[in-house]
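Both complexes shown next keep chain A, but they swap its partner, so chain B is in the first and chain C is in the second.
Right after this comes the complex of A and B.
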């Protein structure tokens, strides 16, 4: 029984994604090299998030997955942000 | 009844096994997420010490490892594409390259850690308790987080070795590749964690 429903991503697309990720890495190293003060960590994390999003969308095929899976990933992300918020609020008002 | 009609339909659900893999990935993300929260709070509290300690790490080695992992993430995705296209040879080569990149990562890590250990910097060493609290926290978190990540690399390598073997003997084929797909998902997770570990551990300006 063939029950494969997975999307096939072309080699070219995967190559382009890698190129983008390499560019982001280069950018991260350059940005933290110049002194932006407290912004440098923000920029580094934003770039990291962009990379993570790209890896999940294309390498992990999330773009072509069911709505259920996408919602689940979104839910985990929201959960993590909530945990961060609660921890930091607790920490700040201790 | 002939042999042919005696065939029992194999019970499997690739979609569900993929969902299961994703659920496991969520637990992994939250595990590392918790560690990242610990890291951010101590980094905020002992910023100067974290900055000084991070200068001890080689950005070059970190960058090479980043590139190795990103590249391996692409090759494992290509292995899956090749399998879907019924191109067994390319699939095998791509899994092989992925494993090679994983090895490059671990060898780099070996030298990196070896250098620290030579200087007496490792958990439980005589030097560690003499450090001030900020440096101690940085190196404890460094060894724990990169160590846990390296452990995931090793697990991923074992998983991909099994995939390599199964592609070779034909038990993973274009009609049935859930194991390879889930193995690839695991490998992307390892890459995903490193994407955050690299700027946070190596690049503190």
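Right after this comes the complex of A and C.
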């Protein structure tokens, strides 16, 4: 059952990913200074999700993994979104 | 211990000499079976401490007023009883002991994917456990918050909350690493021919459990770090005066701690799914439904945490939503129960001790489950919230469920683990005493709760004395039964008759190898061609 094929990602690609992550970090700090009201959490989470997606795809090599593993990670994302949404059913209507 | 009855020459994992000898041969072991036993002995020791604390509470509650301890001592004892029993006994219990021992064997593997990480998990489990027990003895006094550490009280009390929460944090790492190990093992190390739907149902349950351990435990970890930061630096996460929200703590705590109930109960359901086909000699009814219901319980179980917070001040809409989802999560649990009953129908039932415990599990779990529906419904929940009814419900699920499944598992697999049989008559007597004691201890608490007896109270009105006294007597009967059960199992493991490889005529892989197994479990890698429960 084992699948031990390894993949190498080019330095150029890794550099681009690093640049993108730094840009996202800068963006996260910048948006905290903008008054978005109830959407401030949403924006912060969207940026965090973009960063997590990039890290998993390139740094953690999810890009090269099987469809099953991609689906499992996708399920975790969906679960995370559901938990946040359900929590906000309380905060939005309290 | 002993060697089995097989003609093939082999060295059992108990007799195998590795790099280290004696106690070091255990502490530095990477064999999944030895690590499982390390977990079992340490969990048994902590269970003993938890039982003693429970009995002290029962003595205190046997009569109204102060009996043997002061109120603050009582607060500390129920908190540490909860922390020990939850974080050190029932959460790791089945998966760390029987999961570690039998998961690799049941899927035809030599070991888990990361044996050294497995050993490290036990080491940090011990560190966390020592921290938890030590919190009882610090000069500042034992934590008095209850095992839930609710803010804002936990952020202000002068007792040793930081050590107790740090202990839970460290224990969480052990749980995460075990879960990670099991997921990778199931994905990577299944024997040739063993597809997911050829796996026995205990590995299926462990797989669903492992996902909860991996995904939910970090949430409680960070929550406890936030609590510690709140105490040390006054950041204000949970303080409305500083822009925080005390309910945020409850949300974050229960996002983990409700799924944690399924970490306790899913492996228990897996054990029962193994025992019933063996002792009825029937192919399990609804294999796929049972397997997938484990995943369904794990998935939906993530979304129902708010039913612990109906009276905390949540929005009406959230209470409605959580109530709906709570009723939904009962469906996959019921699927399992119906399939177990259908498996038994027209089976060749053999009332051996493991099966008696499995039947007790079903009976007690149904009581615990149906009383859970009363708590899932908002209207009735408000009536019985924070009463003895909740204590009874919780113990019927956790002790009646996970506890009885653990006893079923140890009676089922003990001949395989030690290579010796225990005495059936003594085991049956111990089971009877445990069953009677358990129901005497906890059933009166349903009635007391309905009558208005609050939980976690050191004292009570005279009208509750009858029920409290019956409950206290039940506690001591239960403890007597536990003593007899442990004595019989220990005697069996040390001096019992030599066990054959397959004493129950089981069909899964662990019964196809000698008792006790060799270091690498299988002489040759097994090739799987059929359903694990093929009795026809």
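The criterion applied here is as follows: the second predicted complex is superposed on the first by the 74 of 94 C-alpha atoms of A that agree within 3 Å, B and C clash if a C-alpha of one lies under 4 Å from a C-alpha of the other, contacts with A are read in each partner's own complex, and residues count from 1 in each chain.
Here, a residue touches a chain if its C-beta (ideal position, glycine included) is under 8 Å from a C-beta of that chain, and two chains touch if they have at least 3 such contacts.
It should be emphasised that the depicted structure is a prediction, and the values quoted were computed from it without experimental measurement.
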Practice prompt. Give the label of whichever partner, chain B or chain C, reaches more residues of chain A.
Written response: B
Practice prompt. Considering only the touch criterion stated at the top, classify A:83 as touching first (chain B), second (chain C), both, or neither.
Written response: both
Item to complete: Return the residues of chain A at which the contacts from chain B and from chain C coincide.
Response: 1-3, 76, 79, 83, 87, 91
Worksheet item: Hey, which residues of chain B end up touching chain A in the complex?
Response: 9-10, 12-15, 18-19, 22-23, 26, 29-30, 33-34, 37, 41, 59, 63, 66-67, 70-71, 73-74, 77-78, 80-81, 84-85, 174-177, 181, 184-185, 188, 191-192, 195-196, 198-200, 203-205
Item to complete: Would you mind writing out the residues of chain C in touch with chain A in their complex?
Response: 187-190, 192, 215, 247, 251, 255, 299, 302-303, 306, 313-318, 321-322
Worksheet item: What does chain A use to touch chain B in their complex?
Response: 1-6, 8-11, 14-15, 17-18, 21-22, 25, 28-29, 32-33, 35-36, 40-41, 44-45, 47-48, 51-52, 55-56, 58-60, 66, 68-69, 72-73, 76, 79-80, 83-84, 87-88, 91
Worksheet entry | chain C contact footprint on chain A (complex, rising order) | 1-3, 76, 79, 82-83, 86-87, 89-94
